[in-house]
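One chain, chain A, appears in both complexes that follow, with chain B as partner in the first and chain C in the second.
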Partner chain A sequence: MKKGNLMFVLLLVFVLTTGVFAESVELSFYYPVGVSGPLARVIDQMTAEFTELHPDIKIQPVYCGNYNDTMQKVQTAVMSQDPPDIAVVEVSELYSLLAMDALLPLDDYINSENEDFINQYWEAFFGNAVANDQIWGFPFQRSTPVFYWNKELFQKHADELYAVGLSPERAPKTWDEVVQYADILTEKNGDDTEVYGLILPGGWNDWIFEAFVRQNESFLIDQENSIANFDSQEALQALLLWYKLTNEMHVSPPLRPWNMTITDFVAGDAAMMYYSTGGMPTVRKTANFDFEVAFLPMHYTYGTPVGGGDFHIFKGISKEKQDAAWEFIKFMTNPKNAAKWSMESGYVCVNKEGYDLPEMQEFMDDFPQMWTAANQLQYSYPKMMAVNYQQIRKIMTTNLDDVMLGNKSPEKALETMQREIQKILDMYNR
Partner chain B sequence: MKTKGRLHTGYKPYIFLLPSVVFLAIFTYYPIYYSVRYSFTSFNLFSPKPVFNGFENYISLFNNEVFWEVVINNIIYAVFTIFPTMILALLLAILVNETKKFKSVIELGLFYPMLIPMAAAAMIWVFMLDPGIGVINKFLGLIGLPEPGWLGDDKAAIWALIIMAIWKNVGYFMLIYLAGLQNIPNHLYEAAEIEGAGWWRKHFTITFPLVSPSTIFVFIVSIIQSFKVFTQIHLMTKGGPGYSTTVLVYYIYENAFNYWDIGTAAALTTILIISLLFLVIMVFGVFGKKVHYSLS
Partner chain C sequence: MEKKSVKFFRRFTLIVFLVLTLIPLYLVLVIAFKSNKEIFSGNYLLPSLTPNFSNMKIVFESAPFFVYLKNTAIVVFGILFLQLIMIIPAAYAFARMTFKGSTILFFLFIIQIMLPLEALIVPNYQIINSMHLKDTLISMMLPFVGSGYGTFLLRQSFKQVPKELEDAAIIDGCGHFKFLWHVLIPLARPTIMTFSLISIATHWNDYLWPLIITDSQSVRTLTIGLGMFVQQESGADWGVLMSATLFICLPIILLFLILQKKFLENFLTSGLKG
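Then we have the complex of A and B:
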């Protein structure tokens, strides 16, 4: 009787273990959609293609909302010891993930590929993936802010623009020109503003503001993640410009939400906007006027922080899963898929070889605005990163919002940001 | 009157109470115990395991201007939802009580907002409050009143939430008052009328004191409601613009799940529990004595 039981147990163990080995690996993949558009469908399609090629790996894509929501879900999952296998989060969150000891370094995987492998990718994007001399992320949906302008509205004001020596055929190149163009392009009817010259969008104004500070050859948080530099003259100069545009000249609306900004631009309610490259497909599909995309206007220099999201593989999952996750990342960023993702989403194609594909070239010929973002990469910087970036971002957006609403002076806002953000950085470094 | 029977003694009541005590212990008291405990620890991204730090969380909250802004927001929200809702509810209850025809239709009509799920109501109001396409500003424009930016305006947003809360709750409280009104014997009003009392006089001296048990119930329920408001804030404003509509519970949520600062969130929770308890005890202590439960 006892022996029978033992045999039975052994048999059961045998069946179960073979079952496990024969079964495919299943990976959960948390991802955000940071721009408008039916991108969730594209992700589903791409993961299905991956499983066709690798029948033993099943990807379960989990759409988590916007970047903030996604980070929140990842954070909660990691802290409750049940991490996702793969996740895409906003690049500034890297240090928070490291503080939670959540990530697997990718150096071994990258080194195990042949030498040409890593050279396929734009180097600029790895600035946000490296910390403590190791690579923790892999670029996927990367974007920079670019400068959108409405050609029709520029033509409408051609005479006024020519009168002051500007041209309706090009975008403003410098901060001073932004002020001039915005002034001319704003259309007022009594107290009502019918067309704003420019929109400095809210919601991600932390990112846009960083671009302005970069154009002043300065920074907001250093790469070592220890010094906040908000009380600099360079930052003040940038914020004074914002204050002037929104509160003194009234040529940019005070506080337009991120997703409304693109709607306003497409509706012709604003002539120019600072916005992510990720907005391009939407503008192209919905605007019934010609639009152009330019580099962000320079001050002392051109400058743009590259944002967006990177892939991460998590600690605390089995080696098979990690290996499978790496296969998935390679698949999603191979020339064909990187190009496909870029065409669908407007993000920069992270794989340089993607641009050589005939379908991509055809697409780019048809949509030359997409080159701007890629060309602007030569002036790009890694977006600032810090532990608890969620809180830093909140401090930045609330203070910048207050300035744009006219509730706080630029000096006071920068002083508050400096004090509160330095406090958070100190907590990490003590 | 001796009612002491066998039913009222012994262990039996305790046995019947046991299931609810168990559930309360698991889902209420144990979590409260934990949040009080965590409130004395540093438990966040920087120290992933809770480390005892005394009153540090409380001290840094009290030194944080955002915390005070949130407290003030919550007090504004509470004061301006509780009193208008109560006054309106009582007034409506009296009026409904005096109607002869269509009484139940009117009752249902006023109670209806309560039946709409909060999430759905919040989305409806987001559209109604939209400065561009919303019906509210269209109407205000029509009669020549200023059109605020509502949810996008840091000064107007909290008022939009207050107006919505009044709309949502007034029917429910009206119903409670209506029930209270049924207990007031008619002969009192008849006597007052014979003495020549007018409408206001009648209600001031008879109705208001005699519905006070309902009033105290409504008061306590609405205090609690206005300190645990969350759903519509999460859906409509996410606490913004700035911190202008961040109230205590939303601030707890933000600290816990956006910043993963469990220590601070726990300290906030403890503060909320203690102040609510204090408020409720105070209401009972101060007003409880003045409540007229019966005519004698």
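Then we have the complex of A and C:
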């Protein structure tokens, strides 16, 4: 009898403990931080809130450096059959992850939600999540380039602007106006340029250049990522404009690294800049002058690629973990959290309903510049994607840098890009 | 007269280099205690009269930097300790013993110097993962333990010890280890110190490998913490970035300052040996 009791107790303990173990899931979540601020702490906070709501799911947030570092960590882990459960990577990397067969399609999860679920989100952001008719990613930290301008410097040159029929109260709307404004706003002292009219930043100039090509109603790599289209008239026209601004008129500095661009703008050394929406909180926090944010100036049309990072769930982990990962993604992109992330980071709030929340409305009233990026989404296109996008990016930035420095003619640079990038695309399209 | 002008010229060059070295450190120190608005107000060169500690506060709120400091110290000195245990006997074997295949083995050691770490990340990850050591302090040390560079450096310095000394030691009854301990290591001290210095400075700055092999805050190192403040998309928050840089550089700068005299001596003597 005594022995039987003991056995029963042991059995009970066994069942209870295994029961608990079976229900509780632990997920690793790899994320990059692309914008400044104590964002790692915000992520820690949000994951802790999630675990409060779902005590059976524990999230381990793992900060992974910048976008390139994060991709490297994800790739290393996947190649070692030790994939993370959830990761946010730069959107152009989708095809690289698919080539490694690393991702789980999310269609089943999305279809299992009610019909209104997907309508909460900006459709524009899904362009970079879809490949081969399936959805592989979910928008999280998403941005577009926008056009920043320094109101004080515009006022300073008001008379000159009025004289040619322009206004210091608005940003340039077209490429031609960009040239005119930049010319007037540039301040020279002999051979020294004291204030540049404009900065076309380096570093992520592949992204900015794609925007110019979109404004010409063209593209650089097609959606099926098999055709490179760098040798088009539209691309040439765009690059000739860059060449003119940097090397002929000298109204944009030859080459500024990406994160020095924002420093120059904030220091008042440049009157206008093309830059990510992710820079808005930094500009607002550090600038000693009023600034405004406008759509990227148009040519034949307005146009911009979107950018940033998406959530992905990985193959090679248990179904339970995948289900839990989906719960986590839904939580992180619900109106409240999407709005919170947008307010902290300057990214666009991926969930449209987030804009209806009182705290978000108050924030936007106080910081109306943030609307620009959201409004510009109607003219947005998916950012180009390809397998080994990092290589393509490298080729683009090298050649674009050379043009801006005046070391290469626009024609020659585009020809090189076309040849080398088509070669990379062909490698994976046989 | 000429002597004087030479002296002046030397002084002048040294002062120029001194200034060039100090400017970045000075800027770090000054900007670390400035508010953002002040940094962009045109007065970023002069120290502020009212130092601003909010940047430091943000640094320590963003990540557990003292834990990172402890981990970095353990990893850096752990690597050095294991390296010395490994390379001193190895260098001894390559320098003073002849055995079958010693040339080929030494050649393999030398090749290792030319392989960049990046090329080895995936195999290293797989080995560490299969040993279930991922996300531990030891995982950050292991790949660096068998230093080809250190072995090469020490072998050269062991080789210079005259054969007569070894003969004398053997007659006095020294075995391999006694000879190593009592004769070679004291003679090679400058080289060992030089190598230690380089090792500490290199691994204090390791970034990619620790980032990839660790996940938890509790084992991560300082450079990963610093990475949080270098931003790609939005531009850097200079005040905070400089505060973090200051915190990360300070221990190692202090270490070098305290041991400076010893180090210089060693660099000079090891340089003479060529």
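FYI, the second predicted complex is superposed on the first by the 409 of 430 C-alpha atoms of A that agree within 3 Å, B and C clash if a C-alpha of one lies under 4 Å from a C-alpha of the other, contacts with A are read in each partner's own complex, and residues count from 1 in each chain.
We adopt the following convention: contacts are C-beta pairs under 8 Å (C-beta built on N, C-alpha and C of every residue); 3 or more make two chains touch, one makes a residue touch a chain.
Everything numeric in this text was worked out from a predicted model, so none of it was measured.
S.K.: Touch test for A:N388: chain B only (first), chain C only (second), both, or neither?
M.R.: A:N388 contacts chain B only, not chain C.
S.K.: Who contacts more of chain A, chain B or chain C?
M.R.: C
S.K.: Output check: A:K285 vs chain B and chain C. Expected answer is one of first, second, both, neither. What do you get?
M.R.: The second partner, chain C, only.
S.K.: Does chain B (first) or chain C (second) touch A:A267, or do both, or does neither?
M.R.: Touch status of A:A267: second partner only.
S.K.: Touch test for A:M79: chain B only (first), chain C only (second), both, or neither?
M.R.: The answer is both, since A:M79 touches chain B and chain C.
S.K.: Which partner does A:V62 contact after superposing on A: first (chain B), second (chain C), both, neither?
M.R.: In the superposed model, A:V62 contacts chain C only, not chain B.
S.K.: For A:G346 in the superposed arrangement: first (chain B), second (chain C), both or neither?
M.R.: Touch status of A:G346: second partner only.
S.K.: Please write out, lowest number first, the residues of chain A touched by both chain B and chain C across the two complexes.
M.R.: Dual-contact residues (chain A): 72, 76, 79.
S.K.: Going by the contact rule set out above, which residues of chain B touch chain A in the complex?
M.R.: 44-46, 48, 152, 154, 240-243, 254, 257-261
S.K.: Of all residues in chain A, which touch chain C in the complex?
M.R.: 28, 33-38, 40-41, 60, 62-67, 69, 72-73, 76-77, 79-80, 82, 143, 203-204, 258-263, 266-268, 276, 278-282, 285-288, 346
S.K.: Mind pulling up the chain A residues that touch chain B in the complex?
M.R.: 68, 72, 75-76, 79, 96, 99-101, 255, 257, 387-388, 390-391, 394, 398, 401-402, 405, 407, 427-428
S.K.: If you look only at chain C, which of its residues touch chain A in the complex?
M.R.: Chain C reaches chain A through residues 36-37, 39-42, 58, 61-63, 121-122, 125-126, 129, 134, 207-208, 211-212, 215-216, 224, 227-238, 240.
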